[in-house]
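You will see two complexes here that share subunit A, one where it goes with subunit B and one where it goes with subunit C.
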Partner chain A sequence: MKALKELIYQLADDDFILAYRGSEWLGLAPHIEEDVAFSSINQDMMGHATMYFQLLEALGEQEADQNAHLRAPEAFRNAVLLEEVNGTGSYLHQPNYDWAFTVVRNYFYSVHKKIRLDSLRLSSYEPLRNVAKKILMEQQYHLMHWEVWFRQLLTSTDEAKRRMTEAMVKVWASFGGVLTLGPYYGEMVKANFIDDENVLKTRWMSAIKKVLNETNTNMLPGEPGMTSGNGRKGEHTTDLQQAIATLAEVYVTNPAVSW
Partner chain B sequence: MNSVNKQQRITEALATVKDPEIASVSIVDLGMIGDVHDENGVVTIHVLPTFTGCPALPIIKRDIVNAVSKLTDVNAVQVEFVYSPAWTTDRITEAGKAGLKEFGIAPPPAQHVLGEPWEIDCPYCNSSYVTMENIFGPTACRSILYCRSCKNPFEAMKPVADLDEIIR
Partner chain C sequence: MQTYLSFDDLTNEEKYEHFMERIAAGEKIEADDWMPDDYRQSLIRLISMHGISEIMGALPEKEWVPKAPSLHRKLAIMAKVQDEMGHGQLLLRVAEDLMAPLGKTREHIMQDLFSGKLKFHNVFHMEAPTWGDAGMIAWLVDGAAIISQSMMLDSSYGPYARALKRICAEEVFHAQHGESIVLALAEGTAEQRALLQDSLNRWWTSLIMFFGPKSAKETGNSNADKNIMYKIRTKTNEELRQEFFTKYIPRIWAIGLTIPDETIHFDESTQLWVYKDADWNEFKQIVSGHGPRSQERLALRQSSYDMNGWVREALAAKKAI
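== the complex of A and B ==
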């Protein structure tokens, strides 16, 4: 039971926090069509997180809204890469956000999310299987979207290529945190909730290698790292504290109010 | 006899509930209604969400409760969102497709294969000479297109298909 909850917390918090970081691009995306698309993707991803929080609720955890808004940072199980700020400045003050970083982070995450969902749709836990199937239908569109950006920027101007390469190095350094299933990994796999993390990692590496090859880009060296800590163990940065403080600001003024 | 009649009245009540963002189509015609159980006046209605992040879901839930509670022999209404079976665009009825079109939204193509290009006709002039402007649109379930024949921008409902049938 503990392993199952840990897994669903990882799934919920990954989508929840990255959707929040995505929502910080609202009105700031490179063009209006992207603004429409990206906000729609973030809305979908918040919906995915909500479904996972509802699964947790059914397993005896807090009510979904409370769980999302009132948890302490160390109780979050998202990968540290996904909580990282979009760039310097803040949404309200000089948001110098990095679009290349956003494209690379979202594309790499989407590729992994698809691989993870393909595994979860065969999970031994039926409610998780149903949720995975539902999410896959929507996620297909997200993956297509980020793949277009990723390929186009990598085959565009020298500046675009340089920025994308820098962003890839940065994302690679902590993508290992997304790929890991954390301390309860053995029990998750033994109970057939999800495939072995090494199997999922191999699939992800070969998918990335293929795209880089097709865009005449060198494969990144070695294995993806975990430089800023293991979020699956509750290790996080001040970026997560800031994110929770901002997203829960209104909710905590009166958690009893119904929206 | 009586219970058949009651099922019928519940369905009729559900047919008065519209998608708050598409006023011309009921949730029944959108294919969002799953099992309906009646146990001594406590009616449980399974609703299949279209897109999961859809902010209309709480409104739809409220409207269902209001509509079905009005029936004389109903004491309580429970709405449960379910993901199995999953909602797919082929659940939309012919009346639903006509309603979407009336609202300026092209209905999703029938028998869509996930990941493949879709064929969509302009809801105004029926031309197939259209271009996709943005897969994502003003709501989670819609895309934005442009008709090169009648020169109108329009929206289309994104096709959503059952993966089990595709991957097998």
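== the complex of A and C ==
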């Protein structure tokens, strides 16, 4: 049971925190059409997180809203890469956000999310299977969206290539945190909740290798790292504290009432 | 043998006459139809202002998107603000088609916004410091927008009328989303009710201003009259404001809020609401970029435009290949 909950917390928090980071972009995307598309994706991802929080509630964890808004940072299980700020400044004041980082982070994450969902579709835990199937229907489009951006920017101006390459190096340094299933991984696999993390990782690496090859880009060296800590163990940065403080700002003024 | 005169052979006066006959007959004008410059300019002014207002209007609400106080509210407000961006896109496309014969593009709209030449709606120059404002904007500002946009559903310009049909359908959901936030606060704790009353106090004057002055003499501007002549719109500012009062004042009172205007009442003899008018000089100041948040919002829009310049260049280069 502990392993199952840990897994669902990872799934919930990955989507929840990345959707939050995406929502900070609202109104600031490179063009209006992208603002519409990106906010739709973020809304979907927030919806995915909500479904996972509801699964947790059904397993005896806190009520979904409390779980999303009231947990301490160390109780979050998202990968550290997904909590990282979009850039300097804030979403309200002088944002200096990096679109290349956003494209690479979302694309790499979407490729992995698809692989992970394909595995969860066959999970031994039926409610998770059902949620995975539902999410996959939307995830397909997210993946297509980010792949178009990724390929276009990697094969365009020198500046775009340079920015994308820098972003890839940055994302690669932390992507190991997305790939790991954390300390309970053995039990998760043994209970057939999800495939072995090494199997998922191999699939992810070959998908990335393929797209880099097709865009005449060198494969990144070595293994994806975990330079800023393992979020699956509750290790996080101040970026997560800031995110939680913002997303819970109104809720914490009175968690007992209806909003 | 009968000879046919082609439309191109008509004089401008004859074309104008033909055009006004079409307007009088309730026909829809389409993007490629002949239209007087004056009509085209009126539409460009109205629709680019409307479109850019939708986009600038996303900014005050955007402040509350990451902070919405439950998963349900987060999803709803994300969807709502996304719709507004979508409306902006739809309207800018309509404006772009009208501007194309003049050699102008969306880039010109953006530059006109940054230079202050293109104005956006007065309400989006205002502060939205609390969650109550997220509710108030969606309930009453969107409610006001439904009233003013519904009258243009039968606009003589076909592409605008069709865009508004889609927009109004979504605005109804927005007003319901706003009403739901407002009701939760109104039925909540004393603090929540105070939050809501504060917000209404803050927004009331802006809502009076929303529909514009009663007549041209307040601002010396006769665009509204011209738009009525061309059947782009069908009602005066004051008629719309009265409709808004009739629809919303009873609702505002019903949930226990006080309107910050002691004089407001319905006059049975004239069948009109009597109210304290806004200061139209203040209105002019606000829409000319001197509202409480005008410069911050423009700076946010401008900084996002600048920081993403390399992305637009990269996409343009791809297009050229």
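Definition applied: the second predicted complex is superposed on the first by the 258 of 259 C-alpha atoms of A that agree within 3 Å, B and C clash if a C-alpha of one lies under 4 Å from a C-alpha of the other, contacts with A are read in each partner's own complex, and residues count from 1 in each chain.
One rule holds in what follows: a residue touches a chain if its C-beta (ideal position, glycine included) is under 8 Å from a C-beta of that chain, and two chains touch if they have at least 3 such contacts.
These numbers come from a predicted model, not from an experiment.
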**Request:** Considering only touches as defined above, state whether A:L28 meets subunit B (first), subunit C (second), both or neither.
**Result:** second
**Request:** Name the contact category of A:Q152: first (subunit B only), second (subunit C only), both, or neither.
**Result:** second
**Request:** With both structures superposed, pick whichever of subunit B and subunit C touches the larger number of subunit A residues.
**Result:** C
**Message:** Per the contact definition in the header, classify A:E187: touching subunit B only (first), subunit C only (second), both, or neither.
**Reply:** neither
**Request:** Have a look at where A:T50 lands relative to subunit B and subunit C in the superposition and call it first, second, both or neither.
**Result:** both
**Request:** Answer with first, second, both or neither: which of subunit B and subunit C does A:K133 touch in the superposed model?
**Result:** first
**Message:** Tell me the contact category for A:R163 with respect to subunit B and subunit C: first, second, both or neither.
**Reply:** second
**Prompt:** After superposition on the shared chain, which partner residues are touched by A:Y91: those of subunit B (first), subunit C (second), both, or neither?
**Reply:** second
**Message:** Quick check on the superposed pair: does A:N254 touch subunit B, subunit C, both, or neither? Answer first, second, both or neither.
**Reply:** second
**Item:** Touched partner set for A:M144, first subunit B, second subunit C, both or neither
**Value:** first
**Fill in**
Going through subunit A, the residues touched by subunit B and also by subunit C turn out to be 33, 36, 40, 43, 46-47, 50
**Asked** subunit C touches which residues of subunit A in the complex?
**Response** 20, 23-24, 26-33, 35-36, 39-40, 42-43, 46-47, 49-50, 53, 64-65, 68-69, 91-97, 99, 152-153, 155-157, 159-160, 163, 246-247, 249-251, 253-254, 257-259
**Prompt:** Considering the complex alone, what residue numbers of subunit B touch subunit A?
**Reply:** 49, 51-55, 83-84, 86, 88, 114-115, 133-140, 144, 158, 160-164
**subunit A residues touching subunit B - in the complex, by the definition given at the top** = 33, 36-38, 40-41, 43-48, 50-51, 121, 130-131, 133-138, 140-141, 144-145
**Complete:** subunit A partner, complex, touching residues on subunit C are 55, 58-59, 62-63, 65-75, 78-79, 81-82, 85-86, 88-89, 92, 131, 181, 184-185, 187-189, 191-192, 296, 299-301, 303-304, 307-308, 310-315, 317-318
